[in-house]
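Same chain, two partners: subunit A is paired with subunit B first, then with subunit C.
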Partner chain A sequence: MDVLTITMNPALDREIIIPHFQLNTLHRVFEREKLISDPGGKGINVSMMLSKLNDTPSIAMGFLGGYTGRIISEELRKRYPNVTLNFIHIDGESRENISILDEINHYITEINAPGPVVQEPDLLHFMKLFNTVVSRTKITVISGSVPVGVPLDTYSILSEKAKESGNKVYLEARGQLLTNTVKKCCPEVVRPDMRSTNKIMGKEVESLNEYMEVGKEIVSYGAELVIISYKFKHDLIFTPEGAWILTIEQGELDESHLLGTGDAYVAAMIHDYLTTNHSLLERAKYGMAAAMAKTTYLKKEMPSLSDIEKNLDNIKIEKLD
Partner chain B sequence: MKVGDIMIRDISAIFEDETVERFIRLCANHLRTGMPVVDDEMRILGYISENDIVNAVIPSYFSMLQSASFIPDTNQLKKKLHLIKDEPISKYMAKSVISVKESDTLLHASDLLIRHKFFSLCVVDEEERLTGLVNRSRILLGVLQELEEEKNENREN
Partner chain C sequence: MDVLTITMNPALDREIIIPHFQLNTLHRVFEREKLISDPGGKGINVSMMLSKLNDTPSIAMGFLGGYTGRIISEELRKRYPNVTLNFIHIDGESRENISILDEINHYITEINAPGPVVQEPDLLHFMKLFNTVVSRTKITVISGSVPVGVPLDTYSILSEKAKESGNKVYLEARGQLLTNTVKKCCPEVVRPDMRSTNKIMGKEVESLNEYMEVGKEIVSYGAELVIISYKFKHDLIFTPEGAWILTIEQGELDESHLLGTGDAYVAAMIHDYLTTNHSLLERAKYGMAAAMAKTTYLKKEMPSLSDIEKNLDNIKIEKLD
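So, the complex of A and B:
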């Protein structure tokens, strides 16, 4: 098994499609397909996408709690048989995100439930299990937020242990968690999560120069590859060799189809790492092509290899620095 | 069909120095009746089941009685569990574990399940590291699937 994904705070994503959704009204849903329950959380998403992409097996680790946690593991087990589960089932309930989609009026109503609190014995158990598993993998994906009870330096400890075992570490996170991990033990591949924030490493970024500075700063802490999404249609790529801007030349991106694009990006880069010896820049381009191909779907779905290939020609690379 | 085709890829496991209380809580949260006990390389050292703990907390003469209802002191169970709850599970686990490989046949796995009166078996890789579990219902489901496939093949011919 080559890939280990970490999801400290998994979620059950429930989507209910109700045309003409109204408050204070009874809505009956007659088709089962309009009630979707999907395991979620960034690491789990990467595992599911790898499974769809060329049947790449992976081990998924983290914490699950209660009834919601059991649905998450049951759905994973049923639909993604080559994802090996290694979750610790703790007290409390896993997160649940409910969205009611009204495609006719273009309304989305969202209800997000909180996650469980992780107790110290659970965290210790997790750390021990992590050490046991990481010695057999090549890539560790650390992604997403942490639940209450998990200290902010946890990702840097995981990153350090994974590196010691010879793993390449992929990190996608935001806020203090990202800053802490980059400063204490910088992963090889860093992709700041830009959803609902314009801050990276504690700094607000707006102009290209500000983005450039922060990208170079992350490289200076030891990253081999830093990918920052820039103004929707671009990605900024930083390596110790320089900086590039990747631009989508053709095709419209549907902004309402962004769910899971970051995870498709990471999954595609891992697939590329395991199957080719592309340069880091080509690898990032491959990830971007996958993210772009993903936006043709509304749902969180991995595009096929041929869809990714098709999008490769739509991406222009320019050197910045 | 092989064990690898129908197994449950869940490698939830417990370490031998974890306490009895921890084990009980993990099982309750995970709806499991037992767990493999592994070393720090994921090699199986034993298997601990709730049966092992129940046997440890009820007095040994219970198995000889038809009913325990006339025994006045129900606190016995509490007292005994209180005594052992902080002890390591290594003390109560079964140390000889029978496991199967992903390449083993379903017949071989069912034979082991029946012969040893187990409900599930650990699945291990070539280096004896845990890769998942297989239980009775998964095997039966696998056989049903095979039957259906054969039926479809016959129809096509």
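So, the complex of A and C:
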């Protein structure tokens, strides 16, 4: 098995489709199809997408708890048999994210339940298991947030162990988790998660110059490839060789269809890494084409290889630096 | 084991407490205590309340399906060890009722998910099991609605089998389920479920006379005791000996606290039946006192024996006929 994905704080992503959803009202849902449940959490998403993309197997690790945790693991087993589950089962309930979709009024009303609290013995158990598993893999994807009880320097420890074992480390995170890991043991591929922040490495980024600086800073810590989403239609790419801006030239992007684009990006880059000798820049472009193809779906769903290929021609590359 | 409760269509009752709940907004719930899950469905409620009231054991039967069904049965096992579970596990998901409680705006926004579809072999399996179990019990409580796939004359068949085995049958239902059962094989105790209908035995009831007629009609089919909730503060009681009106004289009733009052009523009457030699009228009064005591709680919760006793003095009995 080549790929290991880490999801410290998995979730059960639920969608309930209710036209004309209203407050203080009883809504009866009569069709089972209006209730959708999917395993979620960024690392798990990457595992599921790799499985769909090219039947690429992976190992998924992290923490699962309670009834929700059991639903996540059973659904993964049923629907993604080539994702090997190596989760630590802990007390408490895994997160449940309920989205009530009103497609008439274009409302999304969301309720995010809290995750479990990870106790120290659970974390030690996880670290032990991680050390064993990572010695057999080539790529480690560390992605998303951590639950209460997991220290904010944990990703840097994972990154260090993975690199020691000869793994390429892909990191998608934000805030202190990102900053600590980049500074202490920088992964090979870094994609700051910009979904609910405009800060990277503790600095607000707004102008292209500010983005450029922070991208170069991450490279200076040892990253081979840094990808930063920039003003929706662009990606900024940084390697030790320079900086580029990738722009989507054609095709409509639906801003309401962004769920899972980052995970599609990472999954596609890993697929590209495992199957081609592309340059880092080409790899990033391939990831962007996958993210772009993903936006044709409302739900988080992996586009097909041919959908990704089709989108490659719509991406323009310009050297910045 | 004396008591058997039938819940054909159990539910997981979930409450999510979100102050200022709004449409088209992401709500993060940080405290686990704001998310409450309870096994539900009227027969299960009676079993849980009997257990709480006086540690009275009971057998619970019906259908459970999927993840939701498993949560219901595991929670029952964990929290009510003297409720013996004899459910048939079927394909599909048991119902999930989500109530989003906004205590600031006094809004209750509800989402009721559909139940499973019962297949014929499942129903045959249930009937076989029912015949075995009912031969060992003294009281059978048939309560609530039936899922898709269960014919509307099923309760009358259950009532017949239970009576053949010497059980006293308590029925709380509405619509065709109630009418069919009363007409084909009338249970000893009948409590029409008036929560979302003003029809009993196919007739709209509004005036006291209309209530009186339908109460007497049910007695004419063979009921020993008929209890009909009347204009919130009253219960009409019918036996072969006559009709009475029970009125709550003192104490404030909170109309938003009615969840589970009917089930508390039935559970208290059964407790009374098992432990006293009260007359039918006294038994009904005891049930009403329990329902009244229940309204001091927002949630469906069984009042204590002393709370019920306290409320007995607040009920006035007048003979009508």
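By our rule, the second predicted complex is superposed on the first by the 321 of 321 C-alpha atoms of A that agree within 3 Å, B and C clash if a C-alpha of one lies under 4 Å from a C-alpha of the other, contacts with A are read in each partner's own complex, and residues count from 1 in each chain.
FYI, a contact is a pair of C-beta atoms (placed from the backbone, for glycine too) under 8 Å apart; a residue touches a chain by one contact, two chains touch by 3 or more.
Keep in mind that this is a model prediction, so the values were computed, not measured.
Asker: Under the stated touch criterion, which partner chain does A:N24 make contact with: subunit B (first), subunit C (second), both, or neither?
Answerer: After superposition on chain A, A:N24 lies in contact with subunit C alone.
Asker: May I ask you to decide whether A:R32 touches subunit B, subunit C, both, or neither, giving the answer as first, second, both or neither?
Answerer: second
Asker: One more residue to check, A:I59. First (subunit B), second (subunit C), both or neither?
Answerer: first
Asker: Of the residues on subunit A, which ones does subunit B touch that subunit C also touches?
Answerer: 70
Asker: If you look only at subunit C, which of its residues touch subunit A in the complex?
Answerer: 16, 18, 21-32, 35, 67, 70-71, 74, 92-93, 98, 100, 102, 105, 107-114
Asker: Which bits of subunit A are touching subunit B when the two form their complex?
Answerer: Contact set of subunit A toward subunit B: 59, 65-66, 69-70, 73, 77, 81-91, 121, 125, 128-129, 131-133, 135-136.
Asker: Which of the residues in subunit B come into contact with subunit A in the complex?
Answerer: Of all residues in subunit B, those touching subunit A are 8-13, 15, 18, 22, 25-26, 29-31, 38, 40-42, 129, 131-132.
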